[in-house]
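Paired with chain B in one complex and with chain C in the other, chain A is shared by the two complexes that follow.
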Partner chain A sequence: MANVLADYLIALADDELILGHRVSEWCGHAPILEEDIAFANIALDEIGHARLWLELAAKELGEDPSTFPDKQAFFRSPADYRNLPLAELPNGDWAFSMLRQYLFDSFELARLEALNQSTHTGLSELAAKIRTEELYHLRHTQAWVLRLAQGTEESQQRSQKALNALWPHAQQFSSPLPAEEELNNEKKVPSSSELFSPWVSHQSDFFDEIGLALPPQTNSIDADRFTHTEHLTELLSDMQEVARLVPEGRW
Partner chain B sequence: MPDTQWPRYMVFVQEQEKDPWRHYGTVHAPDADMALLNARDVFARRPQALGMQVVPAKLIFGKTLEELENPNWANEEIIGKSENYLIFAKPFEQSPCEQLGQVKANSSQDALKKALQNFPDQKALWWWVIPGSELSASDDADADSMFAPAFEKTYKNQAEYHTVTLMRELHDTGKLES
Partner chain C sequence: MNTPTPIVTKEQIWTALDEVPDPELPVVSLIELGIVRSVEVVESAVKVTITPTFSGCPAYEVMAAQIEERVNQLGIAQIEVRVNHDPPWTSEWITDSARKKLKAVGLVPPPRHSGDFIQVLIDPVPCPHCDSQNTTLQNSFGTTPCRMIYTCNNCLEPFELFKPL
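Right after this comes the complex of A and B.
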């Protein structure tokens, strides 16, 4: 059964799930023990958010919310995923991973604040719940981005390099999610492009303040929510391997 | 060999309104702000917390029961200035080091002397005196985003997962190698 809100929610969930999986790859490899725990916590939170969005999508579709999230996560092929390519890129170095998380969290927070005003009660309540946690993520990642940008010459250079690589991908925050226009007309969800301009001007002030330069020219990116990079295929084959070996397994 | 680690911060948590501040452990961090963030992730995920404080470990003036037996302890080089000092004690091996109160004093030594007078019957394996001005506390306004979400998370409990059993079955049946 087709359902436009479910299409939208699945895309939100895919961002969280794929990014959460990437962040989880740092588990055991982060620069210090305390940060290893903190970043793994963020990964768990993001994967938890994916589950929440998928449970809501299941209700919209009349599916079982207790099995639908796993089915979506483990038994879809890369072409059926709707996440932003930003989320699936390999982790790179610490500056790259932390900056990606910061960019993602800060835009997500803007979207959650708007979703909190949704005329759809379930959506509005869930947005409020997830927002509480994202506030903390943003505080954590912003603290790191700031310190890396102003730390040593090397950490500054790595931060700038990460920003140059990520900024073109971040432009896709402005692209509509599946079914966004229709849902926006019903005041259920915000318009991504309307959230984007104030976000960019805020980020441009922030990066200016911490001494990083936004890349002047935005290169176009081939991939989008519907056309993925080869990195997603690799990520999913790792993430889905065991679940596909034992579909009946209880986790 | 030089110490390349970040400085150590002692972490204190207040679980509920009626509870004293308790020592939870230590974290490494480049500064107090990051120490609070790290402390939240390391210590406040599962248990309930109202607030959290950190202080650089090297600024804590501590004396064990044994050290206090030597009456010369009070004549060591004076540490600290005139201000409020928080008094902590660890009563028994199995109990946490927790706050008893605070005293206004001219130095850390002076604060401990006053604490020993103010709490004459206090059992303590060791005492800690912490200069109030050096503590950094979480903001009450942040309590919701820092501590509240952790509370209802069942997926933090190992018992929620059947992964270990399932992986063992997979290995035993030869579905997964190594």
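Right after this comes the complex of A and C.
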């Protein structure tokens, strides 16, 4: 059964799930123990948020909220995922992962604040809940982006390189999510492009302040929420392997 | 027609659930953490509404199973655990009794706040071992989703803060 709100929620969940999985790959590999723990926690939160959005989508679709999230996560092919390519890119170095998380968290917070005003009760309730946890993420990632940008020559260079690579991807925050226009007319969800302009001007000031330059020209990205990079296929084959081997397995 | 008398009272359920420890912080109960929001008893069926703490908390499913098990022990077979996120869980719901118990095991209870929990993190966090205010945040994230890691610059002991939310 088609449901526009479910289409929107699944895209929100996919961003969280795919980024959460990427971040979890740092577990056991982060440069220091504290940051290993921090990224593992952030991954857990993002995957938890994906589950909340998928449970709400299940209710909209009349599916069972206790089984729907796993079905979506483990038994869809890359072509059916609706996450932004930004989320699926390989982790790169520490500066890249931290900056991606910062960019994602800061835009997500803007969207959550708008979703909190949604006329759809379920949506506004979850937005309020998820926002409280995202505030901790942003506090952490913002402090690290600042520290790396103003740390050593090497950390500054790596931060700049990460920004050059990520900024074109971040432009896609302005693209509408599936079914966004229709839901926006009903005042259920914000317009991504309207959230984007103030976000960009805030980020320009922030990067200017910490001594990083926004790339003058942003190359367009071949992939989008509907056409993924090969990195998603690789990520899903890893993430879905066990569930697909034993689909009825119980722990 | 008379309504059949419930075989348990709400109060009995609340008392029983106060014996269910938090899976990751067993010194305090689910009631003391403010996770159990309401209890309904209709004839022989019980509905318990919970508001989970952190959304990525792996303890959440264990909590629901423990609540069911405890209610079953009272001779109630029909037990439903519902989840409600409105309003979202806040550390303001942690009781005073739980705050004392948390401090006693070296976990600093979350500072009181009136909504802006990020603001209260600017205030110094006292060491639970020596009460010194001279402490340093090591990590906003800890061994579970609800903890932050600090060290005390006076007694040099590490300790954890229960995150305000």
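The rule is short, and it goes like this: the second predicted complex is superposed on the first by the 250 of 251 C-alpha atoms of A that agree within 3 Å, B and C clash if a C-alpha of one lies under 4 Å from a C-alpha of the other, contacts with A are read in each partner's own complex, and residues count from 1 in each chain.
We take it that a residue touches a chain if its C-beta (ideal position, glycine included) is under 8 Å from a C-beta of that chain, and two chains touch if they have at least 3 such contacts.
Just so it is clear, the structure is predicted and the values come from calculations on it, not from any experiment.
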(message) Clash or fit: chain B against chain C, after overlaying the two structures on chain A?
(response) clash
(message) According to the stated criteria, A:Cys27 is in contact with first (chain B), second (chain C), both, or neither; which is it?
(response) neither
(request) Considering only touches as defined above, state whether A:Leu52 meets chain B (first), chain C (second), both or neither. (result) second
(message) Under the stated touch criterion, which partner chain does A:Thr132 make contact with: chain B (first), chain C (second), both, or neither?
(response) both
(request) Mind working out whether A:Val246 is in touch with chain B, chain C, both or neither, as first, second, both or neither? (result) first
(request) May I ask you to decide whether A:Ala79 touches chain B, chain C, both, or neither, giving the answer as first, second, both or neither? (result) neither
(request) Figure out whether A:Arg147 sits in contact with chain B (first) or chain C (second), or with both, or with neither. (result) first
(message) If the shared chain A is used to align the two complexes, which stretch of chain B, 9-17, 63-71 or 117-125, clashes with chain C?
(response) 9-17
(request) Could you pull out which residues of chain A sit against chain B in one structure and against chain C in the other? (result) 34-35, 37-38, 41, 44-45, 48, 132-133, 135-136, 139-140
(request) Note which residues of chain A are touching chain C in the complex, please. (result) 34-35, 37-38, 40-42, 44-49, 51-52, 121, 125-126, 128-130, 132-133, 135-136, 139-140
(request) Using the touch rule from the top, collect the residues of chain C that touch chain A in their complex. (result) 54-58, 85-89, 117-118, 121, 138-143, 145, 149, 163, 165
(message) If we count contacts the way the header does, which residues on chain B are in touch with chain A in the complex?
(response) 6, 27-30, 33-34, 37-38, 40-42, 45, 142, 144-146, 148-149, 153, 155-156, 161-163, 166-167, 170, 175-176
(request) Using the touch definition up top, name the residues of chain A that touch chain B in the complex. (result) 32-35, 37-38, 41, 44-45, 48, 132-133, 135-136, 139-140, 143, 147, 242, 245-246, 249-251
